[in-house]
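Each of the next two complexes has chain A plus one other chain: chain B in the first, chain C in the second.
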Partner chain A sequence: METFLIAIATMGGLGFIFAGALALADKKLSVEENPLISRVNEVLPGANCGGCGFAGCYDFATNVVEGKAKVTGCPVGGSECASSVATIMGVDSDGLERMIPRILCLGGYTEAAQKMAGYNGPLSCSAMDLVSGGDKMCFYGCLGGGDCVAACPFNAMIMTSNALPEVIEDLCTGCGMCAKACPRDIIEMHPISREVFVFCKSQDDPKTSKAICAAACIGCSICARKSDGGVVMNNNLAVINYELLEPEKIPFDKCPTNSIRKISIPVN
Partner chain B sequence: MELVLVFLSAAIVNNFVLAYFLGICPFIGVSGKLSSAFSMGLASTFVMVIAATVTWLIYHMILVPFNLEFLQYVSFILVIASLVQFVEMFIKKVSQPLYRALGIFLPLITTNCAILGLALFSVLREYGFLESIFFGLGAGAGFILALVLIAGIREELDLAEVPAQFKGVPITLIAAGILAMAFMGFSGLISN
Partner chain C sequence: MFQKLLTFVGGIHPGENKNFTENLEIEEMPLPKSVYIPLSQHIGKPATALVKKGSIVKEGEVIATAEGFISSPIHSPVAGTVLKITTGANLSGVPKEYIEIQVNPEGEKVFMEPVDWQNNDKKTIINRIKEAGIVGQGGAAFPTFVKLSPPPGKTIDYLVINGAECEPYLTRDYRLMLERTSDLIEGIRILMKAAGVPKAIIGIENNKPLAIQKVTEAAKAYPEIQVATLKTKYPQGAEKMLIFAGTGRKVPPGKLPLDVGVIVQNIGTSLSVYDAVVKGIPSITSVMTVTGKGITTPKNLLVRVGTQLAEVINYCGGLKPEAVKVISGGPMMGIAQYDFNAPVMKASSGLLVLASSEINEAVETPCLRCGKCVEVCPLNLLPTRLAKLTQMGKFEDAEEYGVTVCMECGSCAYECPANIPLVQWIKLGKKEVSKIQRARKSS
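Now for the complex of A and B:
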């Protein structure tokens, strides 16, 4: 019985001493952390995907609070997240729109059927791109290796049977990892309200691109002619200048390969 | 002379990590970068030395006189946990980046078997007060040595052409094994 009491007293005493010392240390060593950081961190998605360019959600929150990052800097959280961050930081979040990847190549197996060579290596775009530019005749088009599908942290990308990736927009958070993974920069991040795209990146001369891919922009410049700068020609490729673009001036049905298109945006 | 032997024995001959395989998790977990590995080693050494001192005092001044030896684990853990808590506060105050670099491995020092092992060995081998402190110092120095060695190797490995199958953890484990094998060369020089 005596041992019992002594044991309890000993452990109690030791615990008391250490607890006291730690309480003292906590007072002396407390870190003044801006409480905003954890509040911002709470409204972030917490996926730590790095899509914002910082080392994770917490790092992003720190940089937002320190004014080094924009409140709209999180591409994953979308406008909802941006507006909550903006509320915490006391600023406006107007002008943020959901970003979505657009795959600017329509040259799948059926359209770009002509092959330069057989490819038998690892099924990865970056590997295929290294080996003399993949198996397609086109050096600008989608390789179909699925690096973007593998890079997507949200399973929002699939590879179609035509060997072109497709975005499942309901799952997409707009983090932009697919665009970074694409060795040919075919995937671009665009605000979701943008409707007009040139679905081709080929800068081949008109004859070549016409011969090797049915969906290529052949550089005929029909779309550019009356667009008042909305579409400019750059190395045999129509490039859209979104600031000057007036969609009604573009004769979409005149495009011989239908590579400049107006897509329909689902209303939600 | 005795004290030097205790120190060298703990640091090199019976290195906690490479000969006794204690405290492996920070050895693999925080050895990616030389600077954070060294800081982790320093933090652990601090905890080891203070823990060796305080646990010796508690054991010989409180537990033995009252016949409470059965409380040694729980009281040692209490000491170690408090020390780690203190180190954590200290590092958070002094260096935020280091605090985040060490991450979960810092609180994990609490249950690092190298540190509880140190306290228990010192009881088992009936070390005196000074011997205990030197034992803690030696174990800490050995821990830093092991961490810095493997971190240096891993930094070199980052630049080396490692076969795809071995990249990352596998090659680290192999390197650790070879390192442990090299330390076998010291075995038997000093008993205990």
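Now for the complex of A and C:
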């Protein structure tokens, strides 16, 4: 009987001592962490894609709580995620629209002239760009090496047989990694409701661009003439100013190369 | 007689293929109908055009002036009328701005007054080299006068003249050494005086015995000029390799030859210096080797700057049907051309037309970890590691592994049994790392 009592007393006593030590440690050695961070982290997609510009979702959450990132900063989660984050943070989410990459070049191998020499080297846009600017005659257009396809964390990009990338909109989260990977800045992130784009980046003179690509903007400025500032000409290239753009003023059917397009119009 | 050959560690020995042109005298190519003068023929800022459409220019007249310290003026290589200033094909592969001049064969010449260099000071000579628009003809086209004016506090005690011509196929330096030996020695003496250097070494590879013999004989009268026989190996003519072979000094990574008290000049550059100082002729011509199995008649040609490649090819009888690749420069470091409208520049050393039999259309296979690239790298780098790090986008690591030290000689890719385009990857790595370094500096 006595043995039992000693055992219970010893074990119980030890239990009390350790519990006390733990309680003390919890108070004295606790690391202060804003509970908001883990709450924000929970509503984020958790893909750790880096599209927001931070090192993964947790880092983004920390920066949101610290006020260094916008509540709408996660491009992947879209408006739903943004409003959840905003609720947690107690601020208004200003209606984040889904962003989508637009590939602003239509000069595939069928449209764009190629150099008299073939390219024999690694299939990577940035590596191709080093060798006389790739195998197309155009120095502004898509290189077709697929750096964007390789950069996409969601398999939402494919390379077509015409050596132009294509976005699978259902899979795309709008993280923008493809736009960052493109050495020619052809891929731009736009709100999904935007319909009008100039599908060309060439600043070559009209004669050159006419000669080397069937899909090039040749700088004729027909689209810019009556657009009231919605389209401006910059170095032989039509550039859209979305703040002033009124699509009904643009004569899409007059574009000689069909490079300015409204994308709800079926593209052939 | 056995003689110990000077050399460096690493490197390769590709087929020399100099037999196409090594016994052909340098021939002057007739004037073309029009010349196309690029405004950027040197490292540094492009020159600014001084002429307009319709301007009448004389041969030797300055048509574009230097912009900033590291830059070089450009002289008209012909007399004629400026047709236009526009952008077009360039040997670098990317279109650049050029001045098109229609040639008038009866036009006037305006060369500079010769300089009596024996009785003038350093400054006058360097100034002449600067106004004559002379750039290094070893490949990088660095303005020569900049090299000759070292920052204060640096003592230079060696001038190394690069007569290695280690690129296969090219024979232009070899022919210049044979045909203009005494001019070359005088050019070297001018350079020595301009830079205030007491000793000069002319490094020549041992596959050019005739040149070694002739240059040694001509240099006999000047004990301060030595001829060093180098082992035939690529890249023996690379600045750092040549300095090590010739003087035993090692240029540390990221440093210049100046830091070990050496200036390196090319054979062609030394002769341009002679022409500019003794004869008053600015840099308006280039001697280039047109060679390879793909060209009908290989030649060593004296060509006006601005002559289109198409004209040069035509003058050499045109391309053979089996020609598949045209390279400006040598096979190891030259740039493949896709547009024959590209004009010859001051630093053009050759035009190589390879036939299908000379080309290995390699298919890349996985790395075997054989280490051959590491063995041959003259700068002791790990090419396979650098290429892999670049592929993976780990540019900071690539920087740590010394990617920026690479001089792109191509020895690693030449040796690679898996045909991995190592140099192309490393070039990309260098570009990305320098972007990171610039961002770091500005922040």
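Operating definition for what follows: the second predicted complex is superposed on the first by the 237 of 268 C-alpha atoms of A that agree within 3 Å, B and C clash if a C-alpha of one lies under 4 Å from a C-alpha of the other, contacts with A are read in each partner's own complex, and residues count from 1 in each chain.
Just so it is clear, a contact is a pair of C-beta atoms (placed from the backbone, for glycine too) under 8 Å apart; a residue touches a chain by one contact, two chains touch by 3 or more.
A quick note: this is a predicted structure, and the numbers were derived from the prediction, not measured.
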{"item": "Which superposed partner A:G121 touches (first chain B, second chain C, both, neither)", "value": "second"}
{"item": "Contacts of A:A7 with chain B and chain C, given as first, second, both or neither", "value": "first"}
{"item": "Which superposed partner A:V131 touches (first chain B, second chain C, both, neither)", "value": "second"}
{"item": "Touching partner for A:F139 - first (chain B), second (chain C), both, neither", "value": "second"}
{"item": "Touching partner for A:V31 - first (chain B), second (chain C), both, neither", "value": "first"}
{"item": "Touching partner for A:F18 - first (chain B), second (chain C), both, neither", "value": "first"}
{"item": "Contact footprint of chain A on chain C as seen in their complex", "value": "92-95, 325, 335-339, 361-362, 364, 391, 421, 424-425, 427-428, 431-432"}
{"item": "Touch list for chain A against partner chain C, complex", "value": "115-117, 120-122, 124, 126-127, 130-133, 139"}
{"item": "Contact set on chain B toward chain A in their complex", "value": "58, 62-63, 66-68, 70-71, 74-75, 78-79, 82, 85-86, 89-90, 92-93, 96"}
{"item": "Residue numbers on chain A that touch chain B, as the complex places them", "value": "3, 6-7, 10-11, 14-15, 18, 21-22, 25-26, 29-31"}
